[in-house]
Amino acid sequence: MSPDLIYGLAGLAVFGIGFFRALTLAAPLRRVLALKLCAVGASFLLIVAAYRQPPVTADAVPHALVITGIVVMVSAMAVALALIHRIAVLERERSDG
Amino acid sequence: MTGIEMLSLALMALGCLFFVAGTVGMLRFPDAVSRLHALTKADGLGLVLIAAGAALAAGSAGWALRLALICGLVALAGALGAHLIARLVRTGGGR
Amino acid sequence: MADLAGIDWAVAAVLLPLIGAMACFAVPRAAATIGLAAVAVTGAAALALGLQVAAEGALTVPLGGWGAPLGIDLRADGLSVVMLVMTAGVGLLVSLSALGERDARRRRYFWPLWLLLLTGLNGVYLSGDLFNLYVMIEVISIAAIGLTVLRGNLAALKAGLEYLFASMVGAILFLLAVGLVYLNYGRLDLSGLAGIAGAGDAVLAAVLALTLVGMALKTALFPLHYWLPAAHAGATAPASALLSALVVKASLYIVLRLFQYLVAPSEVMVTLIGALGATAMLWGGIQALRAPRLKLLVAWSTVAQVGLIFVAFARAGADGTAESWKAAALIMLAHALAKAAMFLAAGRIKDEVGHDEIARLDRSPIRPTLAQFTFALAAISLIGLPPTAGFAGKWMLMEGAIAAGYWHWVVVTLVGTLLSVAVFSRVLAGFLRFDRVRGPLGEHQGWALADAPPLVLALGALGLGLIAVQVLAFLEIGAPLGGTTGVWP
Amino acid sequence: MDAMLVFDVALALALVGLAWAVLAAEDLFAAVVLFIVFGLMTALAWVRLAAPDVALAEAAIGAGVTGALLLATLRRIGGAESAETTPRPVLIGVGALAAAVTSGLGAAFLAAPAQGPGLEAAIAANLAASGVEHPVTAVLLNYRAYDTLMEVVVLFAAVVAVWSVAQAPEPATPLLGPLHAGFARVALPAAVVVGAYLLWAGATMPGGAFQGGAVLGAVAILALLARDYVPAPAHRAWARGAFLAGTAVFALVAAGVGFGPRMAFEYPPALAKPLILLIEAVVTLSIAATLAALFFGREPEPLGVEVEARK
């Protein structure tokens, strides 16, 4: 047992939960949350790939990749949230007449 | 283990104890205001104790200063958050 | 290597549209002028790169001078250049037709989004690194979603959100594949992975499956096509043309590259891909037959054509992948030209007639004849009649399938072709029955300057069929799967 | 070491439990709060996996800024949700699919070589030539600078896309009260110092443009919330410039060094450090401005009024 094994499996479990919920939840905001969890779970795989037993320093390349992934994800989420907001506004206008 | 290390460990353990107490309080107390009371008081003290322990362990003035800054910011933010929640409770918007 | 003029055309092909996008965003008033210039200059860079590749063969640009696997390499071979030039050509003509946009908001945002999309597309076609491909498809998908919702109505927004979700799931699956590759091989450069990876590797099979599903979501392969018709039909005409003709190709290209570099797909996987493609062809055709509106019909035809491209991947089984990708690339090329022409023509018809309900098209006194002619030309290429590029691609597909003895792919392709004949006949019949309502002579103009870009695209699809041999020869430059002489002469 | 393993297992279980709780929460507000907690716990796990840079980025951007975005959207849409429920057969089918995919991935993960191959040797060998002493910063701004440029481009694309979704002006929200304004007055300067420190630290230790930019972005979000800063149509040109500066400087430097015998992104050795610091500083400001703009969620101009008038 080592941390990389423990967190690698936990990350995959988080991915599985996010994946399942992303495909089954109807409310868009919840789907955004599910997708973000999914992405975090996938990132665990890269972080674990970088891990080395303590005296050795970790591989920096996957770390840089995950930082990039986090920024990409927040961009995609911001666009999704803007769309969700706009849709809600238009639907409210339509139901108000 | 040197004396300083033991002191730092003891401070951090004590801090953890306060955090646990605060969390138990949040889970067990009946209403929002008393939960808030448990959280802000106990966690504030817990944080300061852990930071003090960490500062001792780090053993340099620069890091102690940074930890102090963190404590100050968390105290400020905690006070503000507690204030906002309490206001929400009083105006009837609390859940 | 930096070439004679001291300009690195591969880097220029990515950075020029990016600089253009920034300039368009900074100076919204001149967005159209700057945008058009940027697209043209990018096209010139793509052509220059093409000349360089034709003269010197495939080239590699180690960005930062580090070289793979530590740094990122750009790589340009025949396939990349063909995709780049196709993107530039289609993009330039669609840009010309976008000049007529009158809505201020759409005009202001179309250009930066389109140039960012161009940055991402060129980046994908030149990328030699798995993770870089991930970042590039994210640039593409955010820009593409911006274009999808540019119309701004509720239907377009909902379609855009659904597209975004599909695209995010696809990207996350691809990220997982990247993680698995790094976990096992500790590097991400495609050329390096080509050497390491063994054929029967279970990890590679998992990586390939994840990528395939992820990219199938983004390119809308049946049964993951659910988001495409609404998204492509609901966008403005130039945006639809870009989405259907170009965006879909980027994910197809990534699948192709992984087959080339990582691992040749197994017989089971190839058959599965072909079966899904065949279903997509049939289902897309049937839905197009039932579509009430012209743009929706064209969008469903994209689902069918994506299916055809996957059938082309599969046509000669696992043994034939060294050849099959060229048939697939040719159909991708033909589809890009014809579909851009068709969406633009459909947009023109809708603008002139005022609606695009197929059942009522023959009852309009106004006849945009040139747009209808363009639509018919594009339909001929999509159906695959000689001498169009669509014909060359389909011919190559069927010859390969016959040579390998895979008669089922021949039958499937023929049935798909018949379906598309039926689909487009529905529309063309409406165009031809012009005596139903006769408007006063001279009231309808019949053509406008805006008809020129789609017409040129449709003629391009026609003419491309005549130089298909040369295109195929170019595709083989530096191809990792080897350029064995195939069934095509 | 055993005590740490107990901690690891507990944290891993907490992560999985939190992930489930986020998506099972009845109340959307509770879901978002749980999500922020999940993000912080993830950061903790990544510290345990010797990835402090990523942990900082996840805490600041993945939990902090994303949480703020989610809460803002929640307030704007008023928590309205579609009442659709997924039919049970679909639920079971998708559940089986997710379980199959996850266990397949688990098998692939367990079969992969532990502490497998990587690029740490190549990074260490070239660190002296990279211009910075911290490996992650060297990867982000030198070895794989092309990726990082494109990542800033993704942020830029997101702002363009968000602005292109025209939005009506928001209903006025009540001010958060005197305490909040006072807090902002103290916290803003302090947070500016923290953001700048993270940027400066990035050259030698964990930190850098993205983490620093996220903290500065949080400052700007705070300023927006406290109404210390109200975006006005007249500021649009400045805002555009702020979003573009990072991408523009990065792209121009990358292309500018690429003449003669050098490749694009190949900084001359003597100039590597100053150029990287220049890029990082400008990119930090751009990230801060971009994140704040994504939070604000629309172009500050009377475009929304047009929308109002049209209907």
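The chains carry the letters A, B, C and D, assigned in the order they are written, with residues numbered from 1 in each.
Heads up, the rule we're going with is that a contact is a pair of C-beta atoms (placed from the backbone, for glycine too) under 8 Å apart; a residue touches a chain by one contact, two chains touch by 3 or more.
No experiment lies behind these values; they were computed from the predicted model shown.
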| item | value |
| --- | --- |
| Graph separation of chain A and chain B (steps between touching chains) | 2 |
| Chain A and chain C: spacing of chain centres that average the CA atoms, whole Å | 28 |
| Distance between the centres, which are taken as Cα means, of chain D and chain C, whole angstrom | 31 |
| Intercentroid distance (Cα basis), chain C paired with chain B, Å | 56 |
| Shared interface positions of chain C, touching two or more other chains | 131, 135, 138, 142, 145-146, 149, 157, 176, 180, 182-183, 186 |
| Per-residue multi-chain contacts in chain B, two or more chains | none |
| Set of chain D residues in contact with two or more other chains | 105, 109, 116, 118-119, 123, 143-144, 147, 151, 154, 157-158, 161, 165-166 |
| Touching pairs among all chains present in the structure | A-C, A-D, B-D, C-D |
| Residues of chain B defined as touching chain D within the complex | 69, 72-73, 76-77, 79-80, 83-84, 87, 95 |
| In the complex, chain A residues that touch chain D | 1-21, 23-30, 32-34, 36-37, 40-41, 43-45, 47-54, 56-68, 70-79, 81-86, 88-89, 93 |
| Chain D contact footprint on chain C (complex, rising order) | 2, 6, 8, 11, 15, 18-19, 21-22, 25-26, 61-66, 69-72, 105, 109, 112-113, 116, 119, 123, 129, 131-132, 135-136, 138-139, 142-143, 145-146, 149-150, 152, 157, 176, 180, 182-187, 202-203, 206 |
| Complex contacts: residues of chain D adjacent to chain B | 27, 29, 176-177, 179-180, 183, 186-187, 190-191, 194 |
| Chain D to chain C touching residues, read off their complex | 104-105, 108-109, 111-113, 116-119, 122-123, 126, 142-147, 150-151, 153-154, 156-158, 160-161, 163-166, 240-241, 243-244, 247-248, 251, 254-255, 258-267, 303 |
